[in-house]
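The structure under discussion appears below in the form of structure tokens.
All chains are identified by letter, namely A, B, C and D, in their written order; residue positions are counted from 1 within each chain.
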Amino acid sequence: MNGLGWILIIPALFALASLVMPRPRAVLWLAVIGSFISAAWMVVVGWEAFDHRVSTLRQQIFLDALSAYHCLIVVGVFALASVYAFYYFTSSGNAHPFDRRTARRFGCLWFLFLDSMILTLAANNLGLMWVGMEATTITSALLVCLDPDRPAVRAAWTYLMMCSVAIALALLSVIIACAEARIVTGTGQSVFLWTELCELAPKMHSAPARLAFVFALVGFGTKAGLAPMHGWLPEAHGQAPTPVSAVLSGVLLNCALYCISRFVSIVEPTSPGWANSVLVPFGLFSMAVAAAFIAHERDIKRLLAYHSVEHMGIITLGLGFAAPGAALFHTLNHSVCKMLTFFCAGALVQGFGTRDMGRMHRTLRFLPLAGGGFLAGVLALIGAPPFSIFMSELWIAKAGILNGHIPAVVVFISIAAVVFVCAFRHAIEMTWSRPDLPPPADGTRGISAALVLLPLALLLVIGVWMPEPLRHALQQAAAIIGEP
Amino acid sequence: MSAYANLLLVMLMAVDLYMVSTTRLDACIRACIIQAMILATLPFVLGGIHPDMAFSEQMHFVILAGATQIVKGVVIPWLLFRALRTLSSNREFEPFMSLHYSQLINCALCGVGFWGAAVLPWPVEHPHPLALGVALSTLLIGLYMAINRKKAISQILGYLVIESGLFVAGWALLKQPSSLMELGVLLDLLVAAMVMGILATRMDAAADDARDGNGGGDE
Amino acid sequence: MRDILIHLALLVVLPPFLPGLIQKTKSWFAGRQGPPLLQPYRDIWKLLRKGAVVSRTTTWLFRAGPVVGLATVMCAGLIVPFHCAKAPLGFEGDVIVFAYLLGLGRFFTMLAALDTGSSFEGMGSSREAAFSALAEPALFLALAIICIPAGSASFQDAWSMLPGAMRFAVHPEILAAAIAVFIVLLTENSRVPVDDPNTHLELTMVHEVMVLDHGGPDLAFIEAGSAVKFLVISSLLTHILLPIPPEGGWVGLAIFLGGTLGLTIAVGLLESLIARLRMVRVPQFLVAASVFGAVGLLVALVGGAR
Amino acid sequence: MLTVLIGAVALLCVSALAAAFCSRWERLCLLTGKVGALVACAAGTGAAVSGIVRGLTQAVETPFATPLGPLRVSIDPLSSFFLLCVFLVSGLAALYGIGYLRAHAGRRSLAGLCAWFNLLIASMAMVVLAGDAVLFLFSWEIMTVSSFFLVVSDSDREDVRSAGITYLVASQSGVIFLFLLFVLLAQPTGQFDFTVWAKAGTSSPAWAGVCFILAVVGFGTKAGLWPVHVWLPQAHPAAPTHVSALMSGVMIKLGIYGILRTLTFLGPAPSWWGVSLVVIGVVSGVLGVLHALAQHDLKRLLAYHSVENIGIITMGIGLGLIGRSVQMPAIAALGFGGALLHTLNHGLFKGLLFQSAGSVLQATSESNIDRLGGLSRRMPHTALAFLVGSIAISGLPPLNGFISEWLIYLGAFRGAAAFSTGNAVASLLLLSSLALIGGLAVACFVKAFHVVFLGEARAIDPAGVKEADGFMCAAMWTGMILCAAIGLGAVPVLGFLTPAIAGLTGMPMATPLDAGPVNGLVLASTLLIALAGGLAGLRWLLLRGRSVETGATWGCGYPQPTPRMQYTSSSFADPVIEPFRAIFHSSRHATGMVGVFPAHASHEDHLEDRAQRVLFPAVRLFARALAHVQLLQRSRVQLYLAYILATLVLLLVWFMARGGF
């Protein structure tokens, strides 16, 4: 049990610790400290994973470049979300009081959620990965209904029901893949480790592998929020407390796409290019559906949820265009940007006391930090240039054309433009509309400057300059998915 | 041995059809218990346990069967009965599709299940005639139960039927127990059922009535 | 050098004679004796020695109008060849400068009229704007017909390329150009079918009402300007219709003078014979000119004039 | 020289940030913003001029690598000419902005305005300096976003915001075409570098045709070609004046720059490209000037004139393309030279017109010109500026507008004689429509000038009107001097042009446009001015001794003439528009005379842009169509489970139907 095992144990320990915390603020402090410690440990362990695969527990748990890349994004977003949770729960704008019992429940579930995500990403055994996925569903469902009011519970129910059924199908795909591997090994021993599956992949029959991929796509696709199975996403994000929805849409969707990319590298050797032809329509359909909803959505958090659906569509498109480097780069940009916009949206909701964007007015003047942060976040989200999402979208478009998907690129760019206009219109209406109305009740400082400026700075830097370690990490991770 | 297997699989199908056609929730939960018992014995019949296997492997079978029986047959029904007591009514009033149509649809779903088992390229050398078909049919019936029913409790039941369908498919495809996999599945099933139970009761506490899983207009 | 002197003499001396001739033709045709031929010279001389009455609402533009009007027309006179193919200021592209100089003159005349702020002058300049906007394409199409055989946009090349004898047989399209230029002549100089120069009812005027408020030297400049404009545009027509030898000389001068006077008499006759068009019909009249030009061009392109 | 340009752009960005931060001290913010802009523009203009004169081609790569490789900044004669336009007109707009914004100190946040203004200039310069597609798209989008924020700057008004949204929709749909164009051009080589593209060209003539169409539509939306010009008349009245001067003086020219740059990539051009550009130019020109005639708002009128002048520039480019496709470099040089010079000229005189319109708007705060009148006595400098601008934009001789139109005319005349029948018809169409445009432009600007500046004040109190302040007059006077300088100094200016158009026409750099006729032209202009001066002196001499009384204007004996009886813009324009009424969507409401002594009669006539009546409802329809998709999401878990089942079954059936897995 070298250092790798500890990445799972540390969050579990903090989860237990937070059950015995005396006061709510103590829980929040614990959350912040715990997430930063697990982040630090993950960096220590994960760094060498980019050069060679690190594994433990008889190969059951491992970290290769792809999972290390995703793990780093998860712990990074988690750390900042914990800091924001401190501001969110201590400020006065919330509907339900943050008493000791809810605080403990929140702390425990918060770390269990982190633990299950790390388990999913670090599991070499596909069954274990499935278990981790199911665990994330359960913990995040309970986090969504932290406030015991009716819509939140119903949203949590929808989320739990839908994802459990979908992940059941994903279990079927795991079973099919392992059964096929067992036949191909000829030893009669059942094979569950992804690394072995990968080696056996060229010898597999193409038909069962494709069947497994179809089930995996439907199962994990629902968890990733790909249309038409995205129904739960706006419900869950709309009702969840903001730090939870920030993490949900920031990193949880990436884990689901990570599982799909694992299956892509299994299917790829036997039927090259077939997986892309399946992923591209899903990506485009998700973007189209998301664009339609973004145009007329009034609830600020549901709007951001639909943006998540759109960007998951773009990442799937990146995978479909056989450009995993661009898709992974876009995953990083989207996580950071979505986190930023959710923080600012949360502060705005607390400031104005409502989630309806129609009733938020002159946000730039009354809540300059949150309003300005939200405007910049939306600009970044829709691909305005100085920020990095413009660069990753251009990279994906270029890859699409070079691989001959010209009609798909045409649709991709048109939908991106439609989303640009619709989202920008919402932001403009919020920032400058209705000068006559009075300022919101309490302009509480729902957010700290660091939480807004740090992600923005990161987005700006990556947008213009690709640092060497990031390029190396992207290259290694892309090689695993099968950069042609 | 396979004769018993066919018998058990047919009994499983019968239980599924019974669950769909009843509107009383407590009857459904009892049907679940029966289903759990069938699933517990199935590995012995289907899995090809034979006397000359090593003692530890045989113990493996026994532990798994015991665990399945305990989790699916005892703990989860107890949870559901507790949830049922807190909810006001015991009867599922009007599912979306009336019972007659539900039964017809279920037969169609069984047909689809068997068609799928036959046509789709499943990775199994010498497939058991019934196993995969029954597994898929159970899966589809469970999915249909979740879609058609309004009450939260009956949706949990639908989810359980799906899980049992998967269990059978697992055995049909993998043919021998893999400890980590089964334990993980059971554990998750247990926790999922527990959480659903809690949510269902809380929904009842928060909502005026648990009549519909989530009917009523959006706010 | 001799030609340039003749050209300048023609430009300064000849123009006022033409309105006098038109007036004489009309009165002769109406059976009355009419004012003497040199009357316009006397009018201009009289006006130059008078004072001026200027409206209170006007600015410096009102005074600049007539000055720029005359200057542009004189400049256009220097560009257009009279009795020979070469003009004192001929260069490639002078065809365009000629047309736009007339435009500049019109621009300042209209602004000077509008400066007084009277609704009648507004009416006159709005009609002038409408008609000249439609006349421009006709003029350019005609000029294009002329310049196509030469392949370059200069009067000198155009006139010297046109064959002396059998002109209309070789280039039938220049007949269409002649008609178009004649219509433009009538419009620019506000002769009868488009506008009646000596009507007294302001509501019906176009050009006259624009110069209503000018007096003294300004009016003299305007009178001289319109006379020179008549000579300049008619010189185009004479070059199309009559075979003026490119090297000019006395023969060229004689043909040019005969052509110009003949044209003036023709305009006078036209004014006596037909009444003016209704204000609404004038745009169709001008579009007809453009159509003639376009047809001529098609003939030129297809007929192998190039 | 490239370092000076990059330094200028950097200075602009720095001053933008500085202005944004010191938003509390308005004077300091205005100072840093505008002085920074002026210094940068001066340096930029100097560098651009030296670049043109030396015909320099230089490139440098950014040391750091963006995700899509290092960015290239490059300059060649064509881009240095456009840089000259960008920096010259932006400098004038910045100078004007100082005076214009001082009056707005109280009402609007100056920090935002100055910051976005400098960022807009910087991004426009970067678009021209971009050596590869990534930097081009990067700065193109920043230009769009910063100009959007400038248009929406006084965003309290609802119509300003809706105009902003219209502008956003138009520019984004243009960006779709640009994205596709650049990605398609990158296909054969897989790189975004312009020099690689110039050598490689496109894989097949068919693809070249597709790229050409994409470029014309994409860049045409920004340039304002018909019918994708609809955002121009919406955006300009909404934007503050010094911004609309910058936008229509410079920003729409980058659309033209884009088209020219793409032409250098697409290799040998078939002649149908040139003909189609001529036709588009003709349509834009004629319809632009006709719609300008029908306008009552000064800035909207000038916006439509931008459409007209862009039409003229496109005609020039079309003529040049035809010349190049039939290997007649002389005519191609005239076409491209006329188009490029008109780009610079239009930047100057359009900026001048917008600046004087802005001074009028600021002095009277009345945008409907039918209520103004007689302002030339109170605002002499502004009146003179508008007059000079009008002469220049109508292309009348002594000034610069005429030089560029004259070049295009020369090319058209030579083309008519030399081209084959099809191309000759195109050049004749160009010829006649340019003449019609010239005539209508004269009518339109006579109308605009006299309604605003001449006669008597119709519905405003002229006493309250005061002349624009020092900076604004300085900007206007510089503009006037530049227009006259280019008008009279045509020979050196054409020398400027030859290196810029060498790349386009494929002609070697050495042969300048044949300067012979240009000397004649300059001689004619100087002669004209001399004659006018002489006659004015004669008039002064004659009237020196005599009495010059002033009396009331002759009203044909009407007892009580009132200022409202003067000709207004609609009455002046009516006879001109009458033959072309079918082009507009006219809606008249007239309450006729009733009874023997009619008490009240009213006539109202609205002329709307047909392209707008088609495009706006189309966009609204698309937005409403998006609303119907909402039904998909009715927060029922059963529905979503059904979706999952349906997707799974659909996928399985789809793959089974395609012959098994």
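Simple rule for what comes next: a residue touches a chain if its C-beta (ideal position, glycine included) is under 8 Å from a C-beta of that chain, and two chains touch if they have at least 3 such contacts.
Bear in mind the structure is a predicted one, so any value in this text is a computation, not a measurement.
Enquirer: Given the two chain pairs A-B and B-D, which is bridged by the higher number of C-beta pairs in contact?
Expert: A-B
Enquirer: Report the chain ID whose CA centroid sits closest to the centroid of the full protein CA set.
Expert: Going by the distance between chain centres and the overall C-alpha centre, it is D.
Enquirer: Taking the mean of the CA coordinates per chain, how far is chain A from chain B in Å?
Expert: For chain A versus chain B, the centre distance works out to 31 Å.
Enquirer: How many angstrom lie between the CA centroids of chain A and chain C, rounded to a whole number?
Expert: Averaging C-alpha atoms per chain gives centres 79 Å apart.
Enquirer: Could you please state the distance in Å, as a whole number, between where the Cα atoms of chain B are centred and where those of chain D are centred?
Expert: 70
Enquirer: List the centre-to-centre spacing of chain C and chain D in whole Å, with centres computed as mean CA coordinates.
Expert: Taking the average C-alpha coordinate of chain C and of chain D, the gap between them is 36 Å.
Enquirer: Residues of chain B touching 2+ other chains?
Expert: 120-121, 143, 146, 155, 213-214
Enquirer: Residues of chain A that touch two or more other chains: which are they?
Expert: Residue numbers touching two or more other chains: 154, 157-158, 161, 165, 207-208, 210-211.
Enquirer: Which positions in chain C are in touch with at least two other chains?
Expert: Answer for chain C, listing residues that touch two or more other chains: there are none.
Enquirer: Touching chain D in the complex: which residues of chain C?
Expert: It comes out as residues 48-59, 61, 63-64, 66-68, 70-72, 74-75, 78-79, 89-97, 99-101, 103-104, 106-107, 110-111, 114-120, 122-123, 125-127, 129-130, 132-137, 139-141, 144, 147-154, 202, 212-213, 216-218, 221, 279-280, 283, 287, 290, 293-294, 297, 301-302, 306.
Enquirer: For chain D, which residues count as touching chain B in their complex?
Expert: Contact set of chain D toward chain B: 634-638, 641-642, 645, 652, 656, 660-661.
Enquirer: Considering the complex alone, what residue numbers of chain A touch chain D?
Expert: Per the touch definition, chain A meets chain D at residues 154, 157-158, 161-162, 165-166, 169, 206-208, 210-211, 214-215, 217-218, 221-222, 228-229, 231-232, 234-235, 278, 289, 291-293, 295-296, 329, 379, 384-386, 388, 390-392, 394-395, 397-398, 400-402, 406, 409-410, 413-414, 417, 420-422, 424-425, 428-429, 432-433, 435, 462-466, 471.
Enquirer: Any idea which chain B residues touch chain A in the complex?
Expert: 120-125, 139, 143, 146, 152, 155, 159, 162-163, 166, 169-170, 173-174, 176, 178, 180-181, 184-185, 187-188, 191-192, 195-196, 199, 202-203, 205-207, 213-214, 219
Enquirer: Using the touch definition up top, name the residues of chain A that touch chain B in the complex.
Expert: Residues of chain A touching chain B: 60, 125, 127-128, 130-131, 134-135, 138, 141-142, 145, 148-151, 153-154, 156-158, 160-161, 164-165, 168, 171-172, 175-176, 178-180, 182-183, 190, 192, 205, 207-208, 210-211.
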